[in-house]
Amino acid sequence: METLLINILNGLCYGMLLFIISMGLTIIFGVMGVLNFAHGSFYMLGAYLCLWLAPHIPGFWLALVVAPLLVGLLGALSEVALLRPLYGRDVSFQLLLTFGVLLILDDAVKLIWGPGYHSMEAPRVLAGTVPILGSTYPVYSLFIALLGPIIAGVLWFFFHRTAWGKMIRAAAMDREMASAIGINVPLLFTAVFFFGTFLAGMAGVLAAPLRAVGPAMGDNIIIAAFIVVVVGGLGSFLGAFVGAIILGLVEALGVQLVPQLQMALPYILLALILLVRPRGLFGRE
Amino acid sequence: MEDRTILSVENLSKAFGKFYAIKDVTLQVPKGEITALIGPNGAGKTTFYNVVTGKYKPTTGRIVFEGREITGLPPHKTARLGLGRSFQITNIFLENTVEENILAALVAYHGRGLSLFRGLNAYRDLKEEAHEILEMLGLADRAREVAKNLAYGDKRLVEIGIAMAGHPKLIMLDEPTAGMTPEETDRMVAMIQGLFQETGITFFLTEHDMKVVFSIAHRILVLHQGSLLAQGSPEEIRNNPRVREAYLGGSLDA
Amino acid sequence: MLEVKDIHTYYGDSHVLQGVSLEVNRGEVVCLLGRNGAGKSTTMKSIMGLVPPRRGHIFFMGEETTGLPPYRMVKRGMAYVPEDRRVFPHLTVEENLEVAHIAARREGRWTVKGILEVFPMLERLRHRKGGHLSGGEQQLLVIARALLANPTMLLLDEPCEGLAPIIVEELEKVILEIRREVTILLAEQNAPFALRVSHRGYVIEKGRIKFQGTREELLANEEVQSRYLAL
Amino acid sequence: MVRGARTIALAAGILFLFVYPRFAGAFPVLLLTEIVIFALFALSFNLLFGYTGLLSFGHAAFFGLGGYAMALLVQHYQLSMIPALAVSMLVAGLGAAIIGFFCIRRDEIYFAMLTLGFGMMVFTLVHQWRSLTGGSDGITGFEVPLLDLVVKKFSLFSPWAFYYFALVVCLLFTLFLWRITHSPFGLILRSMRENAERVSFIGIDIKFYRWIAFTLAGLVAGVAGGLFAMYDRMASPTMVHWTMSAKPVLMAILGGTRVFLGPALGALIFYLLEHFITQYTQSWMIFLGAILVPIVIFFPQGVLGTLISWGRRLKGREDHGG
């Protein structure tokens, strides 16, 4: 019973991380139609930057602001320099290009920080554990599980109540028409890519004290994030949220309930959902 | 009556959410004639095509083709039964050559699609037939051209050619002259009339251009806001006050 | 106010506009008549910058605007109502309007509140999603959306297409109302309607201007009517 | 002229593939073996992507199935080369038929994700089924079987012998793919790539045709996988992982998906890049990425596709001049 609860909490915590990453991925796809293969690498970069920055600036909390900004800037830069020439070409080229970016970032990280794994302490306020039903649970994980819904709320507010948010949604629905009512679409694209990779970077920072920071962390998470956005419905806000929670729980409970199948569970989930609901849970035709 | 009717539609409706694109339409298409379906934009003509040919499943109603119920059959089955169609928006294989466009339809019709190990060039009979069709369309000299490089009017002809290559019993054309110049329109009308006289295939078409409709159709059906408003000979339609009021306005005076 | 000089526009390899020239003066309503596929929409899109011409020049308010992206045209006072309406389907009526107002950033007579007063039908539907409106409602919404840029000139592409006659009448009133403030270039297949609201007109066919004249001249010319307009 | 140039280039290429290794050392021959195998793998992928318009992101599943089947057959049943390869091909084909049955129900990105999903299920299977597959260690320690041509048996132990065997098999299956793409079936596939919906209106059950194409592509990928397992003396889970699926995607787009041999050229470029870069640095991925990016930007139809269209343009100019 306790293990079940602990696993549910683990699932929620992982789910919230996935949500933040997937949200970036789904915004970029929804608005620009680009499936950003390098998204996981931006996440990884966020984690490494946190590792590197936190002792310097000092502190985790500042890193939580600075690292995502840096990641977002790099994202915006790569959009302007690399993706722009490819709009209007076949989607497969964008996929290949972002894959190229993934290769570069993955190796660059290895060059700079070495191939090994690093770990990081949780910030002092959130260090330690709390007792839950007789066992203990890390405060930091609990913090992530609670932070997720807050970030979801903030994002929801941003998309539904602010001018930029509404313009992004409009551009996602009809890019050409958005331009024809006066939205500077190229600028908006860069902003969206900045914002999407910013979210990836932020998830990376949040993940740094939680999971091992290493060169493969991006490649593992990108597939999970793909699964989340496809299961939830490409471009859907609610879909990313629900999809992330489902995937988080499936992974965490899988460890306990069907350990042999645990690795395959996300993929089974993906296949089942796509076969039953062709456009994902909240996808629009 | 029964054997004179090639397509019969009974109480057909198609809803998208709450919106009925087609509402309780009942009609018969007589064999060996040219029937035209007219109606303003948004009247449901294209939806009607999509339901009959199986792209959409109807919400309610029955469709009978040559005495056989085809309600809800997918497009590849209705096509194999002899229901050919063309599209309002040019819908051909743009990166393939003109000849390949027609050949694909011939391969499908002659059931050669699963022949994997013989080169396409070995199928002399198909090539000859494709050539005949292109000749008929006046496109024989463009056979090796990549379809996307054709002029608009020629693309529309390829569209008809693909439909004809399926040896249809009933051919449904969706606005065959849409967007054509007067010259191209005249050419298309002559083509349709020629094909009709030569092959005796039943034609069903929607059309914007009233001159075209009244010059070639034997029977006219009027669709208005998803329902059948009137049907009859061109003369009857021309003089039907409801039709004039709802749709045609002044445009029949020419 | 608007001068289009011999523009040539292509879609891929197909040469759609083959030298279109036209002029619209301040305060005028000018219609561009022609059949489906004659090049009306392409002309509008070329002016707006959605499909930039490969050759030729476009001048708006005395400055060359050839090849400027649409959003820059909006900033200069050009608004565009596309042929297929294209509301933002998942935004509410109010959001559709807001977004246009924010994006254009042009002050003037129209505000979201003001426009809802002028279009009471939209006021009633303000919380409805754009995609859940009827064709006529969408058409009104898109015109209102365009006005929120406080444009000096409006490109109206086939506003009547697919609308019931009663709605077309309504639309006619709206156009007659706004033409007092905004210069309009109107592309239409429905010639009777277009000629009721326009001062002058051009007839386009196969990507070329075939005829131009005042409303009276167009109405009087039988050859134009039967050959190009299918009246 | 372009056609003539192409024939000459093709003949020269094949001649090179047969003659050069006779005078080359072991290392270039091993490299060339890998290139040839991956060229076939990429070509099989392109039957789906370039010819049918379906982006499979799980094609490694069949490469891996072929590889594991091969390793198991050789290790447990001591089959000789050709029967073992034939059975591996059938195993991969069967896998593709089963997985394809589900995947072809969706298209575009959803197809890609479904193939990814099923591919990774196969990965999990070989990774977890330790008793059969050796888990993450894979299957190793088997002898490369003899090539039994009835009249004579050949050892394929030497890199040269194995190279020529792999080359002949790959060329045969390349010919097989070429035949398919130029058959009526191939025309239907290409038409589906252009406009799948229209194809259904000429009376073709597009799902069924996609399924056949998927199965055939899996079959050939199985051959490539079987060869690779013998080449590598190992069948390991990396053969099935999605990163392996990404390789043919990369190679095909790199070389050009609309030209039959584009993916093969892509494989060549990929390996040559890897080979030359790794001579100088450990981090070859960063350079691969850095080279990939401009190629993607400046070769819009892939390297071979773009070269051919340049050739056509050049020819057009000559025609005008003359």
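Chains: A, B, C and D, in written order; residue numbering restarts at 1 for each.
Assume a contact is a pair of C-beta atoms (placed from the backbone, for glycine too) under 8 Å apart; a residue touches a chain by one contact, two chains touch by 3 or more.
As the structure is a computational prediction, the values presented were derived from the model and not from experiment.
Novice: Among the chains, which has its CA centre at the largest distance from subunit A's?
Specialist: Relative to subunit A, the chain whose C-alpha centre sits farthest away is B.
Novice: More contacting C-beta pairs: B-C or A-C?
Specialist: Per the contact counts, A-C leads.
Novice: Could you please state the distance in Å, as a whole number, between where the Cα atoms of subunit A are centred and where those of subunit C are centred?
Specialist: 42
Novice: Subunit B to subunit C: how many Å between their CA centres?
Specialist: Averaging C-alpha atoms per chain gives centres 32 Å apart.
Novice: So what's the Cα centroid distance for subunit C and subunit D, whole Å?
Specialist: 52
Novice: If you average the CA atoms of subunit A and of subunit B, how far apart do the two points sit, in angstrom?
Specialist: Here subunit A and subunit B have centroids separated by 49 Å.
Novice: For subunit B, write out the residues touching at least two other chains, lowest number first.
Specialist: Expected reply: no residues.
Novice: Let me make sure I understand the interfaces: which chain pairs count as touching?
Specialist: Every pair of chains meeting the touch criterion: A-C, A-D, B-C, B-D.
Novice: Which of the residues in subunit C end up touching subunit A in this complex?
Specialist: The touching residues are 48, 50, 69-71, 74-75, 79-80, 82, 86, 88-91, 95-96, 98-100, 102-106, 145-146, 149.
Novice: Note which residues of subunit A are touching subunit D in the complex, please.
Specialist: 35, 82, 85-86, 89, 92-93, 95-97, 99-104, 106-108, 110-111, 219, 223, 226-227, 230, 234, 260-261, 263-264, 267-268, 270-271, 274-275, 278-279
Novice: If you look only at subunit D, which of its residues touch subunit A in the complex?
Specialist: These residues of subunit D touch subunit A: 49, 55, 102, 105-106, 109-110, 113-114, 116-118, 120-121, 123-125, 127-128, 242-243, 246, 249-250, 253-254, 257, 283-286, 288-290, 292-293, 296-297, 300.
Novice: If you look only at subunit B, which of its residues touch subunit C in the complex?
Specialist: Going by the criterion above, the answer is residues 40-42, 148-149, 151-152, 178-182, 208-211, 225, 246, 249-251, 253-254.
Novice: Enumerate the contact residues on subunit C facing subunit B in the complex.
Specialist: 12-14, 35-38, 135, 161-165, 192, 205-206, 226-228, 230-231
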